[in-house]
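Here the chain labels run A, B, C and D in written order, and each chain numbers its own residues starting at 1.
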Amino acid sequence: EPQERAFQERIDAGQKIEPKEWMPEAYRKTLIRQISQHAHSEIVGQLPEGNWITRAPTLERKAILLAKVQDEAGHGLYLYCAAETLGISRDEMYGQLHSGKAKYSSIFNYPTLTWADIGAIGWLVDGAAIMNQVPLQRCSYGPYARAMVRICKEESFHQRQGFDILTVLCNGTPEQKAMAQDALNRWWWPSLMMFGPSDDASVHSAQSMAWNIKQDSNDALRQKFVDQTVPQAKFLGLTIPDPDLKWNEEKGGHDFGEPDWTEFFEVIAGNGPCNRERLEARRKAWDDGAWFRDALTAYAEKHAARETPAAAA
Amino acid sequence: EPQERAFQERIDAGQKIEPKEWMPEAYRKTLIRQISQHAHSEIVGQLPEGNWITRAPTLERKAILLAKVQDEAGHGLYLYCAAETLGISRDEMYGQLHSGKAKYSSIFNYPTLTWADIGAIGWLVDGAAIMNQVPLQRCSYGPYARAMVRICKEESFHQRQGFDILTVLCNGTPEQKAMAQDALNRWWWPSLMMFGPSDDASVHSAQSMAWNIKQDSNDALRQKFVDQTVPQAKFLGLTIPDPDLKWNEEKGGHDFGEPDWTEFFEVIAGNGPCNRERLEARRKAWDDGAWFRDALTAYAEKHAARETPAAAA
Amino acid sequence: MGVTSAAIAEFATRMGDNCLILGHRDSEWCGHSPALEEDIALANTALDHVGQAQLWLGLACEIEGRGKTADTLAFLRDASGYRNLLLVEQPNGDFGRTIMRQFLFDAWHLPMLKALINSSDKRIAEIAEKASKEVAYHLERSTDLVVRLGDGTRESQARMQTALDFLWPYTGEMFLGDALDDELEAAGIAPAPASLRPAWDQHVGRTLAEATLKAPDKSYAQKGGKRGVHSEHLGFILAEMQFLQRAYPGAKW
Amino acid sequence: MGVTSAAIAEFATRMGDNCLILGHRDSEWCGHSPALEEDIALANTALDHVGQAQLWLGLACEIEGRGKTADTLAFLRDASGYRNLLLVEQPNGDFGRTIMRQFLFDAWHLPMLKALINSSDKRIAEIAEKASKEVAYHLERSTDLVVRLGDGTRESQARMQTALDFLWPYTGEMFLGDALDDELEAAGIAPAPASLRPAWDQHVGRTLAEATLKAPDKSYAQKGGKRGVHSEHLGFILAEMQFLQRAYPGAKW
């Protein structure tokens, strides 16, 4: 396996792997799974936020939210393109999403119930996503790393916008402040679960780290997220719904409670509050749009056919 | 034609014609057209008012409106039954409605744009309908006359409810009063048109009158309606949108302007604001409900089939 | 009697909100149902539910004693203030899903009301007495339709099974008690939610069997409605329902 | 210049309301369109329209000078206060109808804005200048899609023809002038609506021909939007759009 050794050496040396270069089959498969799952998350992620576009409270907020959801579709596009460089088509990936074979981030199976949820998603969900994604800008697969550079820039913008929504609510009427607190109560634990279960023992994770397509342990990222978020909540005047949360001087970080992993696995298993609706919405968009995609293909073929004979003549 | 003469004599004597008795084919056809059109009007009439059930401003108003729309469906049912006694099935009549062959009252092709429209429909549209319908309680065809007795009782109740809605609005905020005036402005002329064009010269009308399935001329009813409505508008403090409207001492009634018959014929021709939507809604209800009706039929047949052998054994 | 009035008011709100939201959903069918008889029947059901909502919410206001009315509660609370079960706010879907939703709810509603007739709180008992007559008829009707549609054509059976599968996860919430329920049960005011399960299981089981339908094996219960955590649908219901009261604050109608 | 500020404010409101309501309709597709590229493109169009609405409604408020903002107008007017064309409030239907509606509107919007660039009112000219660049792109895109979908498959052609037939009666309103339009035209502030017809006819005619679609012969114009008499759809749009501002009066967001 000199090829594999050489491959690993290049990765260890911090070099980027590019599409046409040799790579182990498992590396390719792992990346396809990871990138397409990430792409699907962007696409499905349009739905909970899109749910409030028509009800955004001001024109400015409406415009910002529209732009954000549009960015997410754009991220989906970059990521599908990155995955396509590994030899899978976008339609295949959609097929996996619609059949339930491919996953997307479980966080999007929670409902957006108030306008404050739009703030909380930006602050917490995008915040957690960034924490996962920033290291990926330096990951070993070139197209993925480059997509992440663009995505991270926009995500941090989104996070600030979410925080801004909450800042305004927390400085608003008592009802608005309560709305913000309620959103934090509902989104806090699902956000912590975004980093996945404790992965100390995971062989899977070890291989991904060796390949430099995962850089930090789930627990380390979760700790980092908590430590970053606690002072922000304090700034907002909101209470994090965790009685076990406290500063641990010794470790220089916060101690915090254990998320309800039973709930996590239920949501993964399809029993979250919105799993069925999200998938149904995506399937419906796809099925209802078949005629549209077919028409564009037919037009392109007719057009090509019309031009070819002329060119040949 | 001694049969026809005898028939006419019975009618002239004020006797009722019953389903199984002999009647001229033209009488039958005219009645089917008139009754089914009336039934269709009740059914289509559910739509403009139904449009505000989910937005009724109080629970009490919601309940009243629900009951009213339910009554209309009930009226439809009586009338379809009355028409069925003349040898046409309900499904055939639906078919004529859905194909556009049968008409319904043009008034329901106008939209309900505010809550005040619900008041205006009760006051003006039901008011005009009652004026048309009261004499029909004494019409020559028994089943139709009896249906009209029930219907008229409920309609006059509806009219009072509509007037009550407007009374509250007219005694409410300036915005509410403006809403009421706006509704009157939009519903006044279409209500006058409900009596149909001037019918002095209509042979059709003359025959219907001879058969006692129409008792008054369109113009006479329209005059009666205006005379009844003007003082009610005054009571409400609303202005009828007709600059030519004034009391004529000599004739003991009001002079009033001519409705825009061009508009009337456009609406009849399908160009009213809501013609397409109304018909589309009814067609969709029918088509989407096919599986439901089929299932009930299939169940009844299975059930009958299961019982028959047992009974025969 | 150690039960605070607040607990009774909250209970009345839960009952009233179920009626109000289900009545709203039913009323969306007005003029659009598959047969004229169904237009009439469903409008009638909606009407009963609106009337029941008036009674329950009226009671909640009376107890609270701050001059609110049933209308205040109906039209001026945002979604997080609503206490209805998730089941009743689910979209209508096809007519089969609407009937199935009604059936699953009625089969819980009637035993609940029957138990409430013996409530130690007279006001609750009175409302339950009145409502139970209406709801007995609702259940009779929805049961009959579930049987006929389930055991109808192949298509109708498939539609009813799909409806059942879709709605099933929302039924568990009806039987989950919380501290409030415990408090009310201890005081003889309302039955423990779990105590209604056998009657429901029996009626639903028998009906589904007759309807040739099969209840899903798994049953992860979707919950939250009773404490104000709803689905994304309720916000849209309220935006529509409350528009006039919100847009013209303080006006009389 | 005999034109009252009120007339200019009303005109700006008409322009702004068209953008706001069409933007709202377009935004309903977010996450639900037939292809990812369309999600992006339609969100972009919606975004442009919301921005244009802010400018036009902002101008209307500035002229009125009573401290209102574009948000006040957007979120606190009931339907009868809205001045948009009936065309833009029509339901989305399938994606083909949405594209066709956009096309028919864009083909009017661009000539309108181009004419307004020469408005004697500088503020109007400035908004038109900015918006026309965005709208030129909208028209390019919707024209291209109409051609490709019309001349695509048999099904897509049928869908686009159905969309065209459905929407056609709402196009006449764009070219009907009233006293306000006369006043503004006389003052060189805005073009006579009828003057935009030839450009529209030409572009639409050419595009439909290329798309193998046929404009309906008859054209009874549905009208009323410009004077606040809308279809039944607008009320539902506003109930949803305005919910938060109505439910939490005076709050800042």
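Here, a contact is a pair of C-beta atoms (placed from the backbone, for glycine too) under 8 Å apart; a residue touches a chain by one contact, two chains touch by 3 or more.
Everything numeric here is computed off the predicted structure, so don't read it as measured data.
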item	value
Intersection of contact partners for subunit C and subunit D	A, B
Centre distance in Å when subunit B and subunit C are each reduced to the mean of their C-alpha atoms	35
Whole-Å gap separating subunit A and subunit B, where each centre is the average of the chain's CA atoms	57
Subunit A residues counted as touching two or more neighbouring chains	55
Subunit C, residues touching no fewer than two other chains	78, 235, 239-240, 243
Chain contact topology (line, ring, star, complete or other)	other
Set of all touching chain pairs, with the criterion as stated earlier	A-C, A-D, B-C, B-D, C-D
Of all residues in subunit D, those that touch subunit C in their complex	78, 235-236, 238-240, 242-243, 246-247, 249
Touching residues on subunit B, where the partner in the complex is subunit C	43, 46-47, 50, 53-63, 66-67, 69-70, 73-74, 76-77, 80, 115, 165, 168-169, 172-173, 175-176, 281, 284-286, 288-296, 298-299, 302
Contact footprint of subunit D on subunit B as seen in their complex	48, 51, 55, 111-114, 179, 182, 186, 266, 271, 273-274, 276-277
In the complex with subunit B, residue positions of subunit C that touch it	20, 24, 27-28, 30-40, 43-44, 46-47, 50-51, 53-54, 57, 70-71, 74-75, 94-96, 147-149, 151-153, 155-156, 159, 240-241, 243-245, 248, 250-253
Contact footprint of subunit A on subunit C as seen in their complex	78-80, 166, 169, 220, 222, 224, 229-232, 235, 239
